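The letters A, B, C and D name the chains in turn, as written, and every chain counts its residues from 1.
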Amino acid sequence: MPFRLDDDQRALRRGVRELLEGRFGPDALRAAVEDGGELDRGLWRALGDAGFFALRMPEEDGGVGLGLPEAVLAFEEAGRALLPGPLVATHLAAGHVQGAAEGDVVVTAVDGQLVEWLDAADVVRGGEVSGARPVRSVDPLTPLHRVPRGAAYGDPVAVLLTAAEQLGSAGRTTGMAARYAREREQFGRPIGAFQAVAHLCAGMLERVEVARGAVYAAAVTADPVDIAAAKLLADEAAVRGARDCLQVYGGMGFTWEADVHLHLKRAWVRARRWMGTAEAEEVCAAAL
Amino acid sequence: MPFRLDDDQRALRRGVRELLEGRFGPDALRAAVEDGGELDRGLWRALGDAGFFALRMPEEDGGVGLGLPEAVLAFEEAGRALLPGPLVATHLAAGHVQGAAEGDVVVTAVDGQLVEWLDAADVVRGGEVSGARPVRSVDPLTPLHRVPRGAAYGDPVAVLLTAAEQLGSAGRTTGMAARYAREREQFGRPIGAFQAVAHLCAGMLERVEVARGAVYAAAVTADPVDIAAAKLLADEAAVRGARDCLQVYGGMGFTWEADVHLHLKRAWVRARRWMGTAEAEEVCAAAL
Amino acid sequence: MDLAHTEEEEDFRARLRKWLTAVLPGLPPKPDPTDWPGRRAYDTAWQRMLYDAGYGDLHWAAAPTLRLIFLEETELAGAPYVGANFVGLLHAGPTIAAEGTAGQRERWLPPILKGQDVWCQGFSEPDAGSDLASLRTRAWRDGDHYVVSGSKIWTSHAEVADWCELLVRTDPDAPRHRGITWLAMPMDAPGVTVRPLRTLTGTAEFAELFLDEVPVPVANRVGEENDGWRVTMVTLSYERGTAFAGEVVACRRVLTGLAREARKNGRWDDPVLRRRLGRLNAELRALWRLIQWNVSEAEATGSVPGVGGSVFKLRYSHARQELYDAAAEVLGGADALDLDREWVHERLSSLSYTIAAGTSQIQRSIVAERILGLPKGR
Amino acid sequence: MDLAHTEEEEDFRARLRKWLTAVLPGLPPKPDPTDWPGRRAYDTAWQRMLYDAGYGDLHWAAAPTLRLIFLEETELAGAPYVGANFVGLLHAGPTIAAEGTAGQRERWLPPILKGQDVWCQGFSEPDAGSDLASLRTRAWRDGDHYVVSGSKIWTSHAEVADWCELLVRTDPDAPRHRGITWLAMPMDAPGVTVRPLRTLTGTAEFAELFLDEVPVPVANRVGEENDGWRVTMVTLSYERGTAFAGEVVACRRVLTGLAREARKNGRWDDPVLRRRLGRLNAELRALWRLIQWNVSEAEATGSVPGVGGSVFKLRYSHARQELYDAAAEVLGGADALDLDREWVHERLSSLSYTIAAGTSQIQRSIVAERILGLPKGR
């Protein structure tokens, strides 16, 4: 029962993190924010080359032949980096839509009343988008359209991978808050020396670690209740993590230049995608 | 619109506090706790003599001729002092049940499935108690019986006076926590110098002051929605206040000798009396 | 304890309400939020109307109860709030009124009341933040002028302001709170640069000020040199008092709107959401009562609302964030993420409330130390 | 990442389950909670059964995964937990095993494993509380003995214990953590007085120890003189690791019971309560995963669970309190206030969880400083 990352999984995580640091560093993030709905096709292909989309496809079909745990680790890194684009839908389309696995084709999917990245997508799955109207999205990194007739809840894997992104975002905002608290001085000392700030950060970490246990376990079991629990706890870790990070950053966190708000807004979007709080709580209750 | 205590109200509050300090000090409290269901008839008569029960009866009927605001102040003091007995029911019975106003008669009332102080009471109002069975009450200062057929929600004044008791208890536990935090030393300084403790106390005070605004306003307006809001906020201030006080006291708060648990248990009982959280929230929602 | 109003107060309310009903329909359309000159013109014109109608000095001169009625009625009627006159009416003005010389009052106050001069605030600095007393903008005496260099942040209306109430350090060797001076700086002085500051709401509601050897006449100093901290505290206590009264009325209107929307879209049938809105109703009603309580205390004791304002601000800033989080639940699905829907942009703005004008952490320390008498934490 | 078990582990589970099924029906009825000798007899008899069946040293000697299976299966089967053997098996025993001499291990460990000796803990003091290192119970050398005077608090099973693991101050002039020594004190030594300590649950689950010049042989010292703090940390890290595993399994069983009761009494139809129970299910499942994670890490790195235990304890203690608060809502009305109803007494006990073995405030500081690298707060 070694419920921990093995060496290959550590290497995979490191690889994805390095890829994203190289291809989607601070400048690229800023550019993506200012570009609005533009998707970087070069980056998309690089993700395809790295096996991000084909991760779970069998090797005989040209995939990487790995499993849900590895996909969760990759999506956690994507969440950390605030990587934009319909990552979940394209990952799910690999092996079903020609070119998705390679990153040649951008695939999005209808989820409830929403479709993300509709203008940038080559293929739409899971529902009808005629009559779709643009939404002025609260998240500058997630263009959204509203469709007149929504789709019902779909693939549990979509729920889990979204939870993994939330986990990554929560881990990142926790790290950002801790770092800022070590460096920023007020009243003659680092603000992290004040318990009011330090304990806020401790609470963030607590939620991250609990969510991590839930997300990783769901990746191993693929159990629907485990997945609902993972989404519930990861959503909370991400949304509250970004809010608390903003509080630690103080006025600086309220500026457009700090990345905190990007994490918060994306966490808000993801919390409403595939499975919301009420539904996740009901799934967990029904299992009792 | 002077929404503040006038001189007479200050004097009344001081008077009740002094009466209770004299007649129901720490030793009397301890004795009452160990006595279980015994009610101090001498104290009850002293309350009657002081006008506690006849406070709102017209002067021409032998009452004090004051209003709901004054009753709220008196019950706030009762809550502070953890004064036992069916105070609300007897106060409401003054002018309706012979001897209640004077404290000669102890009156209790059926509230939902519960009756408090049934064995000590001379008169029961508001419902049928045949078949009542004793409950091993979580609060050593509130003997309870369960009645087979409960009564529906009754007098809004009962709700408000109970909220006032909760407010008094919350104010007391806040004061206790602050005092303990000033005096108790750990790690070479008073624990109140640690923000983790200081901010817990600040949160307690915040809830007390918000609840105070709601309770006093409801006493002035006697509006049912104001009363529901007062109960909701005072219940929260009392229950969370006692819990946070227990946390500040640490291990000492977990002992039988500290009064903290008496406040918590009574707050739990009162929070379920006359109008519970769900009902209060629904009343406040329906008014929107 | 009383919540009824005197005849005089009710007369005031009736007259005000009548006047608002008469004048509001004639107001021009609200300017675009990014049109600073347009906003200045709109807000100062409104202040001029108030002045002409005898309401111009209401924020300073009226009894607190009348001021509360004024805030309640204007908000309920949907009248403009102070807008560009914010600092002049609620910060710099009260400070000058309390601490300025007769000449300074004569010079600066009437143009504020008549909607002629717009003021902005130069207190915060990027490195000072919550620790306002650590500010580093320096001022040297040079004859009858101070020469000011440094930078300020979170300045509203800087692009269109005539004056800036400025805190500068005049004695770097004195203890932190002792070497600070309050100056009125003309915004057209040489060396003043304004750079818009974009916030997470996506708009530039604030600016940064860069001050490069800006000359400010010594005559523009309010209070003594190095006594600016005390002078400033007048303003800040004022802010924590009734400054949010209008906002609480507005929040209650938003909550009513949320209930209406929820009943319309069916989410009212969800008890989790409905009870959450009920709880918010209780909170906002209580906060309004707390304002009335603080105002009554201030009126009776003749003092500005003090530490009680910290308790209020703590709870209010949290309640406001809860309100807009609840709004997202009422909107649900796509609407909660749509900036064109009512309440979504305000949800973003609400995030500043637990930070601006003293973080919740600072407020809790104030409450713990000054009300509960706990030892000063470190 | 794996949650499947090896064949060996599954064999262990199957054998254990079979054994439990065979022996549990033959256990005597549980003694009254206030009958200390009865509880001692019951708990030590159970330990003897475990020992005879080869499970006696499972808490120390087995791989963490096997220990986890043991805790899971015994709890699921409703078997007794460690009870009076708590300190011997989970505190003093591991400490002696790690830090004692061969002779000490030989002398003290077998009687623990065989259910012969009961140990209690003398760490906490009334004035020390969370600041354990400030303990003041003194010990002086007198030939081949220490002479101990002082008092201890929160000692479980003191009335029936044979031994007490005791922390004493042997060098009052050394820095706080440096002058402490670990001693094994016989409870029948002259000068030991035990006074029951009544808690808010109404029962005397703990005791106070008063030590008046109690002689303790120097040979009973584990570790060096003045090195007791380090020796003790072995025990405390252990406690924060998997010590709560059985309790989490128990909490999950309670939650299932709450759902059953709510379905029966109709409160399941209230979405507010139902969703609250759903959230608790998510939390408790995640906490169980966190234990599995910590155990796997400990197994792989060969170390005791360290700071990760603080994260777990923080969340678990809160979740346990939430669980019993939810239980009160499930019971509702009169039942929630009735100590004869299941869960009501446990609700009272749960209040100690955010205090005992390091308050949540202390745990948050540990997490902030040791995991997040924040500067030490003061």
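Everything below uses one rule, namely that a contact is a pair of C-beta atoms (placed from the backbone, for glycine too) under 8 Å apart; a residue touches a chain by one contact, two chains touch by 3 or more.
Keep in mind it's a predicted model, so treat the numbers as computed, not measured.
*Asks:* Please give the intersection of the contact partners of subunit B with those of subunit D.
*Replies:* A, C
*Asks:* Looking only at C-beta pairs in contact, point me to the busier pair out of A-C and A-D.
*Replies:* Counting C-beta pairs in contact, A-D comes out ahead.
*Asks:* Whole-Å distance, subunit C centre to subunit D centre, using C-alpha means?
*Replies:* 53
*Asks:* With chain centres defined as C-alpha means, what is the inter-centre distance between subunit A and subunit C in Å?
*Replies:* 37
*Asks:* Centre to centre, by mean C-alpha position, how many angstrom separate subunit A and subunit D?
*Replies:* 38
*Asks:* Can you give the whole-Å distance between the Cα centres of subunit A and subunit B?
*Replies:* Subunit A and subunit B have C-alpha centres separated by 49 Å.
*Asks:* Any chance you could list the residues of subunit D touching two or more other chains?
*Replies:* 270, 272, 275, 361, 364-365, 377-378
*Asks:* Which residues belonging to subunit A are in contact with no fewer than two other chains?
*Replies:* Touching at least two other chains: 194-197, 199, 278.
*Asks:* So in the complex, which bits of subunit D are touching subunit C?
*Replies:* By the definition above, subunit D touches subunit C via 270-272, 275, 378.
*Asks:* Please give the residue numbers of subunit D that touch subunit B in the complex, ascending.
*Replies:* That would be residues 124, 126, 129-131, 134, 153-154, 197-200, 202, 270, 272, 328, 333-334, 336-340, 344, 348, 351-352, 354-356, 359-361, 364-365, 377 of subunit D.
*Asks:* Provide the residue numbers of subunit A that touch subunit B in the complex, in ascending order.
*Replies:* That would be residues 194-196, 199 of subunit A.
*Asks:* Using the touch definition from the top, list the residues of subunit A that touch subunit C in their complex.
*Replies:* Spelled out, the residues of subunit A in touch with subunit C are 112-114, 135-140, 144, 146, 150, 184, 186-188, 194-197, 243, 246-247, 250-258, 260-261, 264, 268-269, 272, 278.
*Asks:* Mind pulling up the subunit C residues that touch subunit B in the complex?
*Replies:* Those in contact with subunit B are residues 1-6, 9, 65, 255-256, 258-259, 274-279, 281-283, 285-287, 289-290, 292-293, 295-297, 299-300, 308, 311, 314-315, 361, 363-365, 367-369, 371-378.
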